[in-house]
Amino acid sequence: MTDSSPRSSAPADETAATKQGIKIVGFLCNWCSYGGADTAGVCRFKQPTDLRVVRIPCTGRMDPLFIAKSLIYGVDGVLVSGCHPRDCHYAVGNFYARRRMEAFKAFLPFMGIDTQRFKYTWVSASEGQQWQKVVTEFSEQIHRLGPNPGVRLRSGDNSKVSSGLR
Amino acid sequence: MLENDRNQLHKLVEEALPELDMMIGWAESCDPLQTTPVFIRDAKSISKLTLGPFCSQNLAGYLVKPPALDAPPKPDAKPIGICVKGCDSRSLVALIQEKFITRDRVRIFGIPCRGTVDFRKVAQRVPLANVKSATMEGDSLVIDDSGTPLRLDLEEVLARKCLGCRYPNPVIQDVVIGQEAKPRSSSLAATYRDVAAMDAKPLEERLAFWQSELDRCIRCYACRNACPLCVCQDRCIVETREPRWLTQRVGIPEKFLFHFIHAMHLAGRCTGCGECERVCPMDIPVTLIKEKLNKIMEEMLGYSAGLDPEAVPPLLTFNPGETEI
Amino acid sequence: MKRVAYYKGCSLEGLAAEYDRSTRMVCEAFGIELVEIPDWNCCGSTPAHSYDPLLSAALAGRNLAIAADNGCDMVMSPCPGCLKSLKGAQETCEDPAQRKAFVDLVGRDVDGLKTVSLLQLLYEEVGPQALQKAVRRPLTGHVLVPYYGCLLTRPAEKAKFDDPENPISMDRLIEATGATVPRDFPYKTECCGATYGVTRNDFVGKLSGRILDMSQGLGAEAIVVACPLCQQNLDMRQDQINKYSKSAFHLPVPYISQVIGLALGIEPKVLGLDKLCVPADILLEDRSGEDGQARQPGGVAAG
Amino acid sequence: MRIGVFVCNCGTNIAGTVDTAKVASEALAFADVVYATNYMYTCSEPGQQEIQRAIGEYGLQGVVVAACSPRMHEPTFRRAVEKAGLNKYMFEMANIREHVSWIGNDREANTRKAVDLVRMAVGKLRFNQPLFSSKMPVNKRLLVIGGGVAGIQAALDCADGGVDVVMVERKQYIGGKMAQLDKTFPTIDCSSCILGPKMVDVSQKENITLYAASEIESISGYIGNFTVEIRKKTTYVNWDACTGCGACMEKCPAKKAEDYFNEGLGTARAINIPFPQAIPKKAVIDAQFCRQLNGKKCGVCAKICPVKAIDFEMKDTIVTEKVGAIIAATGYDLFDHSVYGEYGAGRLPDVITGIQYERILSASGPYGGHIRRPSDGKEPTEIVFISCVGSRDQSVGRPYCSGVCCMYIAKQAILTRDHLPESNSYVFYMDIRAPGKNYDEFVRRAQEEYGVQYIRGRVGKIYQRGDRMVVQGADTLLGVQVEVEADLVVLATGVESSSGAGELAEKLRISYDQYGFYMESHPKLRPVETNTAGVYLAGACQGPKDIPSSVAQGSAAASKVQSLFAHDMIETNPQVALVNERNCIACGKCIQVCPFGAIQWKELRGGIKKAEVLPSVCQGCGVCNATCPPKAVQLQHATDNQILAEVNELCA
């Protein structure tokens, strides 16, 4: 079910990103999840085409700020996937990642960014079927949410909202 | 009561000064509602030292700003005396945890704190220009504005961070000046009341709130420079071109990303001292952002920063067993 | 005073009336209050679920719902067929895909109910020790063979009772009555021919014949069952089997509730012992003197 | 920057659902791209030459190949660009096969995605830096874990090649499962005739150090420089003194000890040498059964031992060995058939496993080679073999085929007819799997020459009738139910991963599948290597296989190790972290989080400290880069700029 129809009429000042359909960036660890995605490919497990994979050596390499930058600058969804805990090629990379991702996932909605646009999971190199399931479900979830509005102000809407904290 | 605390401080500093490299404290300033940090090296200026609700600066930051960082203390260097309120002392503990300073590098004068005044709240009740003097009488603040003296209840003009304060008494000190203070809140919920209020709002409203607040941010980096734990200073990634995280383009995404960077770099480290919000020239509640991460750290990992000098900040370590998060 | 909802089922109203009567007597003897489900309906057995599984689930579900409304947390059905339908209804209710349709039809959910067979109820709630203490007329000297049939302990993940391949619960209960059980009766859970008795009578001849032969080979005087259909094939069709396999079996096939009833000293007539096709008078002989010898599994293959 | 983009058709694998020409033309429009083309088979020889030609002709400074997964051909293309004089790290791949063409048929969407992936690869390439690997000395010693036939073969090959080998075997003897076999298929030559000499070679070669009855305690380090701690389990016998004379075994009063070697068929003495040809031929006391060690007074063995080798106070000791490469050859275990209620759940004494039957057939077995029934010792006349017990069965979590059972059933059936000419053998099977050379002919011989009755169908139930057993099954070819009265039933239990395989994998930091078999780097391209450099696999630990394949893999792994040790130095992986000292604020967070202790302090003038990465120790995980607040430490070839560039291409 690929949604390649152009986005709903986005406000004028939206950049070119919006006319290309839904874009999901996937940070995949080279040893397990990238291998799992390859296995899914080799087994011809059909998947939606919204995911664009960035290969990183380990989820330990994942700085939550990569996710922040992606979601703030208009990527519609961010998927981070690595080796199952205890299976990490570098032994502890995914342990570090687990805390940082979980903290960041809880922090996102506070700033007004929908946390459903970010998902992290563990998929090993032999789990092609599981990878297909993860990608399909996450793509559908992002399609339901629609394009990421980002954090730009609608042009001309500079009304002051009182912080109500004084 | 404030008077003899001040005298006790002067006496103690007088005794300790010969052994100290310098004494960092607060002194009165041109603005009656605020004090100014002071670095005392000789006995005659000890008398400048003052205490009270106007001593709002967190002096711990001066121990690690770049000059100090670049040249590590010589082995025989004399310790530095420093006055710390409850929240300031937690910053000291955090600095010790992250090995920016060693415990024997500082002689800590612990000051139990009854809350600091937020001059903006006073400004809402009386034009700042007219304020000639301000003194404490019991629990109220007496403002002389060349008219009839105005008596304000301290609670009304307290800084936001003080309303939910759990640690008014220093968590680490060599000597304590004055009686213990009673914490204003003992529960997680009370301390993070504002965070909970924000969490209760719907997503769109929160986004709108931060869009309008951060729209006013001029990226002057005062909050970063005032933060005792933000030690990168001129090497901060929001300013450097290598690596290229953030451009100098003036836009809400850039401002959002700056505050994300500051918040995530303090995740699991920030002690909620409120300096960033106090110094923000645009009145943006930036501490609220860090408080949310502090709440997450307490709820998710049961960790609150700056209490145990031996503890390791949670995002710098891991626990294989925690499968539930 | 354990309160258990009692789902009788259609066969216990007709052909297996003695199973119903003996069940009531035994439960009463052990202080188990059987609350017959008021206005119970068909359990949605084969004719229903071969046509529409949801209809079958709803039929059984209605019975469970009434039991739950009557404040019972356990439902007992002596007939394994009914028990299978009741458990099927619970499963349909728990299945997220069909839950809504089920609750709409039945009117409420049936989570939290425990559905058990009579055998499971007697074994778990009463237990061999309590039974042994309550025995008045021990059946010492009698050799009885326990026949479980295919549904009582299977499928394992749904029945969650005893060992699917080698159950021992009925063995222990029979031993508690004083009777002797042969060391290893391999056909405990082998098929008796079930409903093929109607269409392919030769199947029952071969399958039930094999069970009768093995029992006789082990020196058993009777085969104890806990399922109306097995009882029907082994008891009512015993002469058909004799014709088919040119054998001369004469083995009574009492229900476990009847055997326990006898041991408790309840009158045979009250237990409906007379309703069995092959008369079970042999069980009434008092052999408290000698100890029954079960011969080793051997003997010649039937037919 | 001058970048060349090469879009591969990969025959129809990519071109089938991606418009490669359009991808190439759109790529040409990207900034810095000066040459873009699509090619039929870029990884082929002409394809690589096309890249090399373009590098020269267009003066390319970077190359992007849009084709298959970099896990597959990144090394191939890196060598190609390097030959053309371009630093091999000025190269990026866009995976438009496994991640695009093979997972969707929407040509338009696939093409758009392929263009995006190429744009991301070009974006990253703009920030690539030439990287140069440094050299590091190799410790030319090999550690072989597991003393089965695969491990022995690997150890002997390497030892012949002049490599120092350390072999660690968990059991007190080497030879693994093969030592328990009587004969081997398809040639029915005796197992100890093949294995015996090899085992002796292992004990006699000077450059092989054997640690039997020992386990791996911990492994640290990296390729070329592993440090291994070995736990030498206590045997309560001083092996240096013990001559293996066996006097203690005769006199030991504890006669009911478990005989693991004979799979529990016979009993053994508490102090025991499992079989006559055991290497090392040393006694071991089984603490579970020894009276002395269980508080009773005994010590008979200590009294009569001519060389006083018995030591009841002996404790485990830890030995440390430094090696350059590791071969895991930990073999397999057999499925525990007691989960099958239908086969008697282990209650029937005459329902035995294939390995037990092998011990019965073996002359050094509990019955001296005479086939007798474990229950009453009688000679069986009717013997039934049941295949696929714990193999090809999803319900017990063993959906895979164990590959060797059909063959060893045929072998055992033939041997049965040799031992007992009048006996009848039946085999219940689903499909006969006999793929090797002379394998199917071997099974055919069993059927035709040795009259083994093959019944195609599963067995539904086995039960005792008198002193024999009735095997109830189906014959799907005749379409009838079958009953066989048998004296002995042999279950061909399937192969599963050896117990403890998972823990060892975590120590070796290699991955394993859900059944516990170790994951090879690539089934076809790198079958005996793992994803962890310096760790190789051999034998059934990687998956069920027969002896010929295990031996072949033993030699294969040995050749990989020898090619590694052929050079005195090995190139380090340049994709390691690097500290930009100007930005480093000496906060020490990188040192704190580095899992490998690869970062240390560096003193500058005036006592100023900065962090410094040791390239030989750094594994390139990037945790330091993610943790460093001022981003002073950057993981080369995966720097912030490179990752941000890929992300920016998606937001642009």
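For reference, chains read A, B, C and D in written order, and residue numbers begin at 1 within each chain.
The rule we apply is simple: a contact is a pair of C-beta atoms (placed from the backbone, for glycine too) under 8 Å apart; a residue touches a chain by one contact, two chains touch by 3 or more.
Here the structure is a predicted model, which means the values were calculated and not measured.
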Query - Lowest number of touching-chain links that must be crossed from chain A to chain C - result: 2
**Report entry** C-D or A-D - the one linked by more C-beta pairs in contact
**Finding:** A-D
**Report entry** Furthest chain, CA centroid comparison against chain A
**Finding:** C
Report summary line: dist(centroid_CA(chain A), centroid_CA(chain D)) in Å evaluates to 35
Query raised in the report: Quick one: chain B and chain C, Cα centre-to-centre, how many Å?
Result: 77
Query raised in the report: Using the average of all C-alpha atoms in each chain as its centre, how far is it in Å between chain C and chain D?
Result: 52
**Report entry** Centre distance in Å when chain B and chain D are each reduced to the mean of their C-alpha atoms
**Finding:** 57
Requested in this report: Quick one: which residues in chain A touch 2 or more of the other chains?
Outcome: 69, 73, 86, 92, 96, 100
**Report entry** Multi-partner residues of chain D (each touching 2 or more other chains)
**Finding:** 593, 627, 640, 644
Query raised in the report: Can the chain contact pattern be summarised as a line, a ring, a star, a complete graph, or none of these (other)?
Result: other
Query raised in the report: Okay, what are all the chain pairs that touch?
Result: A-B, A-D, B-D, C-D
**Report entry** In the complex, chain C residues that touch chain D
**Finding:** 163-166, 184, 186-187, 190, 296-298
Query - In the complex, chain A residues that touch chain D - result: 2, 4, 15-17, 20-21, 23, 25, 30-32, 34-35, 37-38, 40-42, 44-49, 51-58, 60-63, 66, 69-70, 73-75, 83, 86-87, 89-93, 96, 100, 124-126, 132
Report summary line: Given the complex, residues on chain D that touch chain A span 69-72, 95, 97-100, 102-106, 108-110, 112-113, 116-117, 120, 506, 509, 511, 513-514, 519, 531-532, 575, 593, 595-596, 619-623, 625-627, 635, 638, 640, 643-644, 646-648, 650-652
Query raised in the report: What residues of chain B sit close enough to touch chain D in their complex?
Result: 69-72, 98-100, 231-232, 235-237, 240, 242-245, 265, 312, 315-317
Query raised in the report: In their complex, what parts of chain D are in touch with chain B?
Result: 580, 582-583, 585-589, 592-593, 606-609, 627, 629-632, 634, 639-641, 644
